[in-house]
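What follows is a group of structures, each given as structure tokens.
Presented sequentially are two complexes of chain A, the first with chain B as partner and the second with chain C.
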Partner chain A sequence: MSMDREQKEGAEVLLMGNESIARGALEAGVRVAAGYPGTPSSEIIETLSRFSEAGKLYVEWSTNEKVAMEVAAAASFAGLRSLCVMKQNGVNVASDFLLHLTGSGTRGGMILVSCDDPGALSSVNEGESRHFARLMEIPLLEPADFWEAKEMTRWAFDLSEAIRNVVMVRSVTRMSHASGNVVLGPLPAVTAKAQFLCDGPVSDPDRGPVTSAPVIQKHRLQQEKLRKAAALFEDSPFNTYEGPETPELLIITSSACTLYSREAISLLRAEGRAGILKLGTTWPLPPALLKRHLRRTEKVLIVEEVLPFLEDQVKILAAEQAREIGIKTFYGKNDGTLPMVGELNPDLVAAAVGQILGIDPPAIPAEYREKLRALTAALPKREQTFCPGCPHRASFWGIREALQRDHRGGFVCGDIGCYAMASLFPAAGFHTAKTLHAMGSGTGIASGFGKLGPFGMEQPVLAVCGDSTFYHAAIPALINAVHQNADITFIALDNSGTAMTGFQSHPGLDVNAMGEASPKVDIAALCGAMGVPVTIGDPFDLIGTRVTLNRLLEEPGVKVLILKQSCALSPEKKVKKRFLVRVDEALCRGEACGCNRLCTRIFRCPGLLWNRERKKAEIDEVICAGCGFCAGICPAGAIRSEEAAK
Partner chain B sequence: MRDWESDPAEQESGKGGQKELDEQVLGAGLCTGCGACVGLCPYQTVYHDRTVVLHACDLAQGRCYAACPRTPTDLAALRSRLYNETVCTPELGAVKGFFITRATDEGVRRRAQHGGTVTALMALALREGLIDTAILAGEGEGILPRSITVRDPEAAGMQGSSRFVVSPTVAEFNRVCLGNAAKIGVVATPCQALALAKMRTQPVSAAENGIEKLHLVVGLFCGWALSWQKLAALLKKKTDLARVTGMDIPPSCYHTLEVYTTGETIRISLDEVDPCVRESCRTCGDMTAEFSDLSVGSARLPEGWETARSWNQVIVRTERGMDLLELARRLGVLEFRATPPGNLEKLKAASLGKKRTAAIWLAGRGNTAERTGQAG
Partner chain C sequence: MTEHLTKDPYNIVITGVGGQGNVMASRVLSNMLVRKGFRVTIGETFGMSQRGGSVMSHIRVSPTAVWSPQIPKGMANLIVALEPIEAIRVLADYGNPSVKVLVNLRAIYPVGVITGEDEYPSEGKIRETVAALAAEARFLAATEEAIRLGNPILGNIVMIGAVSGLGVLPIDRELFETVIREWMPAARVEANLHAFAIGQAAVALKSPLPQREV
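For the complex of A and B:
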């Protein structure tokens, strides 16, 4: 489905929301794009990287979101159009720079695209990046369909140049990952030369140095820019109204919720009673536009996901304009009409609208419900766990073995990556991982735990961290642990790729986002330079991992163990099994005392199956990745592995 | 005695698996470190001198619980199944004979703890084919013992001396059982001997069971064993651990632990050693390895400790034990001397003393025992 260079202007193609955003940037003549991978945002940079070309479009996967934003800002300062992309919590990482950047202002059009994840479908938070627009005093645009995703992004660059500041475009999972038809526009031939003009006076926004100081002066200027944006929003085509002239109920909404609201109204056949004001420019809200629409009705329902961002703004405007528009009754988050957590859907919105208008939502037909039940019952029950052949399963198995032997109640501080599974689903990490927060936080938390010895804490403290997360945010935390002489064992789970989000490049690899050869930064050398002992191991070498870990757990200070083994889904492993593995039924002890299904009850690689009829374990040859690790854990030697032919 | 010598009703309810083992023994700090629950399956292992659970097993009944010397056991029933009841005494278990012996071979004696009787008998049993494999406790890392398996009588003759940190002897037996050994002899502390006896009499259905390969149990008298961690910490205060060559506990009137080093002998007051004693040993009522074929300890002689220390006292309990000892006498492997009058009575008194102390400890622990989960 993905968009490519061959597709010509005027063609109507099926694009994913994220591709549409990328296309909008391309049609705006973006020259530099930087981001950090994170669902649901990753496809934007991936798409752009396919269009990258020296001197025309530079694309990078940066070490983290803050760096991505800095890289994009530099291009803007040099007069080029630039884009930085991240998921919702990435904006938190970038926010310190963003605060200063919005103070200094930009030159070439610069867009921040943030893809939020209401309902935390692929996150461990449902953070809201919309609030940053308000906090940082920059305009916010939210597309509600695929056409808008492209057009809004394209226009956002113009807006950025008009107000000389960053413009934020915010998408959500259902917008970024759904697909729809989009007509492609022309790709401009951009030629602007990169040059940073910086010899002018501080007050010169085009030729002076770029800083957020003098603060008061710049801050005042920034607020003027914001008012200018609000004025432009008054007649933006991205704000539309559909419905009766004087509806009983006015729904104010934006983004994916627009679709839910439309569906809810049609579900309730309430087209004659409710209208929808769909906003694309959600901060700052254009006051005159709002006044016009609020006048139409007495009752207002604000439909948005998670926190009442729009709701608060609408209420402020309504209070300010109360004399002209009259008193309204508001429905939304604050009165509990809609939930303040999780994703919305048409049913939830229909229930809310139905409640306000006194309409019972149509019941789901009994036979449909029955069909649905039968269908879902037929679905195989799959638990969330590591892939077959995943080195993380082996790493946590080794960690468990070492911690149980050590017997002092040691635990692992988890981190963000596939291996977060160990914290989220205790059985997947064999009950070793006990904390999970932001990227790199496992190491920082461990550093803190590692100083609690004098308070009587005797438990050994471990931190795990993937390679990409290591570069992203674990390094400062590890340096802290070293400098503070915290007692921790830091384990880098090095699977040579940003596996969770689809193998984007990172500083540990020798290729960049554009496919060019690039120098790699070695984790072991970096840790070694911190002056702490570094051991490199292979998680598939169970005994080696366990013995090393037990030794390290006894030693004070910071110890680094790098468990290196490429991801089971990595291109080189996907094509071919290393071992052919089978279960010798005659040896398998099954449920008897002496094994009690260690392989399928505790280890639980999806490649291993329990045959209920025969009461024996077996290998699912289709699913088994051929890593051979399970052969080493079977107490009966029943799992046989032999090296696959070359 | 309570807990593991229990009435039949309690025994019926005392069936269990890993969960019960963990609750009643491991988690309660009562594990002896014998290793009986180790090596049968993937769930328990020994690390240093501690038995640990690696993963949870949910079987309701298992061999781990059945074999453990610290789960409820009907000792009377066990005794009547394995021993001739006519020779059973309440203080020392079965006593078919009581002797003072030592190894004739001076080399064996030099390397031995006391008279070298144990080493000489194991080497003899191997040489004569009574057993084809001997499981002993050899030197491990630092003051940790290591379970060793020997098939060569010469090699067995080179081993000797006591390690006061427990050795996972029964785990080694479980491992060796699976191999091609046919007749296994084990040198066992009382708890290890009890575990082996339990395995002989109540095999839980299992994938494989090698207990029929057990042909000889030479028991050691045992007052207590020490926690590796605590002993190491204590010794570190006194000397360099690497210099320690051995240890012994002279008769109780000396009230010391003697630590032999490459240099001088260090004498540590038992008051200082006492906190290092494994919790489980305080609750143990068996001083003479009552569930063995024959048991060996240090001798008491009128000449005093300096002479007695190179002799052993031996309690023979079974036919097989007696045959071995007589063979040793015939072949001149062991020297015998007359048993001083009153020695058996003194031993009985000491054994009874241990049974009493254990009962008091157990009663004192009650159900409010501190559950640290730490061995020793």
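For the complex of A and C:
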């Protein structure tokens, strides 16, 4: 269903934005690609991994984004073209290295692709990575359609080599996870040989050591590179204007917002009144190009996601050029014409343009609208929850039971993965997880809470963390907790894969991104080497988990519990049920039980149904994954499980 | 040279619940249209899709232009629902007096319904609501047909066949076969072709599929 090796040069195919970016890198002759999984970026590395081949393309899922960027940088230093890929908050993780890398400069073309998530469709933030381009003083490119995503990525490598520095390509969910027509270009023959030339003086960019020092000289050189990029941007084909010669309103936009702006003009039939300056090179802005277009009119609307990044830069240029271009009226985020939070869409942009031009957006007939409102008001919601058979539901149930028995108001510091739903949606984690921030932060926060005993805090502190998250960022936090002697119970929810984003490999598995056998790094052994007690359990063993946890909660210092059970969606689990589960109607007392319908109202596995007519619980055999865990929660013992035939 | 569309862009929403093959359906349909020379944009929401949430793909089809991955509110031309209440959910945002709607009648209960907190509307009520809001509404027992073919996931292909049968887009069985052969192991092609033909015939003949309890 996705791009493969069979597709030939010249073919017009449907590609996802992420596949198009990957194709652009392939057409540019990328040799090394590294990333850390994160929606909406993961398909770029996944696509490239299908093209990996010894000596031609090396692809890895790195332990985190900073390491991914370092791996890609090494390839660049050795003269190869390289790519590192991450979601928006991954750039924060990589930013310390990026600060120094942009000072040292690069050799082989090196691209940083960041996929942002305006509206937080699959994130717990809508952080913007565009600001890093300005902060780190490197060029920024933003594709506005699927084909351009490929062309722009390909060209970004040329730009990187022209200025000898990293180039950032920024996508958004509506670009990365949308699809459109793309015409494939040729894949170049392999020619590059890896060699790190480092025997020259520090001033030699081709043969010297690669460092950000001497800082002032290198910083000056970095800014010269940026000016060179701005000069190249003046004639870039990625910046285009469409509309009347002297429009009433000039829209300046980039990325997916270009498509929303075009649609808005079409909806309002305002083609004769508004023009669109679509910018593909959004930092640094090319001043002469902006001057030429700002001269067209007095009213300017900037359409972008999420914060006013372009808007601020355009205003600075307009202020500098005010004598030549005249005074403008600006509309955008700062004046509230467009919302400063969340993602945009054609309707929001049409409303903004309509408001400025005095045009009402098209409306559906009032009579139909009324009927629609009346007939669609009372639909049952679809709440997101752990899958049937998910080990996380079992783990949080065990934690819930242990905390209830402990009675001291203990709580869980949550982290990033499917199990974040324990913090996001109260029903999914039984109200146990109470904080949720960045990758690994649950453990760091717990480490802090774990030192508050002398201030009178008596609540037990727990942290949960998935296996991939453990390697990514929890290890330093856990080491900190050990060294500071914090009182915490650390629970690794090990489901054997980066499940949330689609089972990418990580250091705990014996296979890498290219499908090759790889050495495993064992979580239990690592924790053991930190000198703290480690217990390994099965989350489906409810009593065992509860008893272990109640014991650990009483003990001082750092205690590690690894709850190991594969994700319910993992290939080996999907094949067959381990248990056949049924409800014994004679034993289920229904509403009269006094359990308050624990199984369906509290436990809420989608495989457990409440039969309204019979007033009894029952199992939906199509949905039930056969984990058998619910047999242990029914106080009447009415849920029965038996081992399925092999 | 591309064939004529009744609208430019022609806006399709394919909706369902995670795990029903929504993304697959949108890619199959869109690939058929790309082969016909159209510019197609698919906008998808996934990421949490495997965790019980509603899934929606927006497909924009045009002879000339690339359109936004989000359809403006109230501007769907065709809604293909793999799950009945998702049809109504999409109508609420994208419905208009001329929209056509294809509904697979097989319900997938949300957690709130499973736990007895919410009530799922009856099939009669669903039919009545969709018919009242659509210019043309067709109801299919696509999942039941797919189960008879050996795999409930083929319900998505029955629905793509139904789109073909509706006659609003220039897609036929031959084109479907070309596209599906590229993606599927040969062993699975036959069942897919059957599923497509069942959906196509059900709508083209204006005779609903035999209705079963859903």
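Quick note on the criterion: the second predicted complex is superposed on the first by the 629 of 646 C-alpha atoms of A that agree within 3 Å, B and C clash if a C-alpha of one lies under 4 Å from a C-alpha of the other, contacts with A are read in each partner's own complex, and residues count from 1 in each chain.
Heads up, the rule we're going with is that contacts are C-beta pairs under 8 Å (C-beta built on N, C-alpha and C of every residue); 3 or more make two chains touch, one makes a residue touch a chain.
All values derive from a computational prediction rather than experimental measurement.
**Q** Of the two partners chain B and chain C, which one touches more residues belonging to chain A?
**A** C
**Q** Looking at A:F503, would you say it contacts chain B, chain C, both, or neither? Reply first, second, both or neither.
**A** Neither partner.
**Q** Who does A:R612 touch here: chain B (first), chain C (second), both, or neither?
**A** The answer is second: A:R612 touches chain C but not chain B.
**Q** Touch check for A:C593: first (chain B), second (chain C), both, or neither?
**A** A:C593 contacts chain B only, not chain C.
**Q** Is A:E401 in contact with chain B, with chain C, with both, or with neither (first, second, both, neither)?
**A** A:E401 contacts chain B only, not chain C.
**Q** Which partner chains sit in contact with A:R174 here, chain B, chain C, both or neither? Use first/second/both/neither.
**A** second
**Q** Please indicate which partner A:W155 is in contact with in the superposed arrangement: first for chain B, second for chain C, both, or neither.
**A** neither
**Q** Should A:K371 be classified as contacting the first partner (chain B), the second (chain C), both, or neither?
**A** The answer is second: A:K371 touches chain C but not chain B.
**Q** Looking at the overlay, does A:Y471 come into contact with chain B only (first), chain C only (second), both, or neither?
**A** In the superposed model, A:Y471 contacts neither chain B nor chain C.
**Q** Identify the overlap between the chain B-contacting and the chain C-contacting residues of chain A.
**A** Dual-contact residues (chain A): 601.
**Q** Write out the stretch or stretches of chain C touching chain A in their complex.
**A** The touching residues are 17, 24, 27, 30-31, 34, 39-48, 50-54, 65-74, 85, 88-89, 91-92, 95-97, 109-121, 129, 132-133, 183.
**Q** Can you list the residues on chain A that touch chain B in the complex?
**A** 400-401, 404-407, 430, 550, 589, 591-596, 598, 601-602, 633, 635-636
**Q** Using the touch rule from the top, collect the residues of chain A that touch chain C in their complex.
**A** Residues in contact with chain C: 1, 12-14, 39-40, 121-122, 145-147, 174-175, 177-181, 256, 259-260, 262-263, 267, 345-347, 350, 363-365, 368, 371-372, 375-376, 379-387, 418, 421, 427, 569, 597, 600-601, 604, 606, 608-610, 612, 620.
**Q** Which part of chain B faces chain A closely enough to touch in the complex?
**A** 17, 40-43, 45, 47, 50, 52-59, 61-64, 204-208, 373-374
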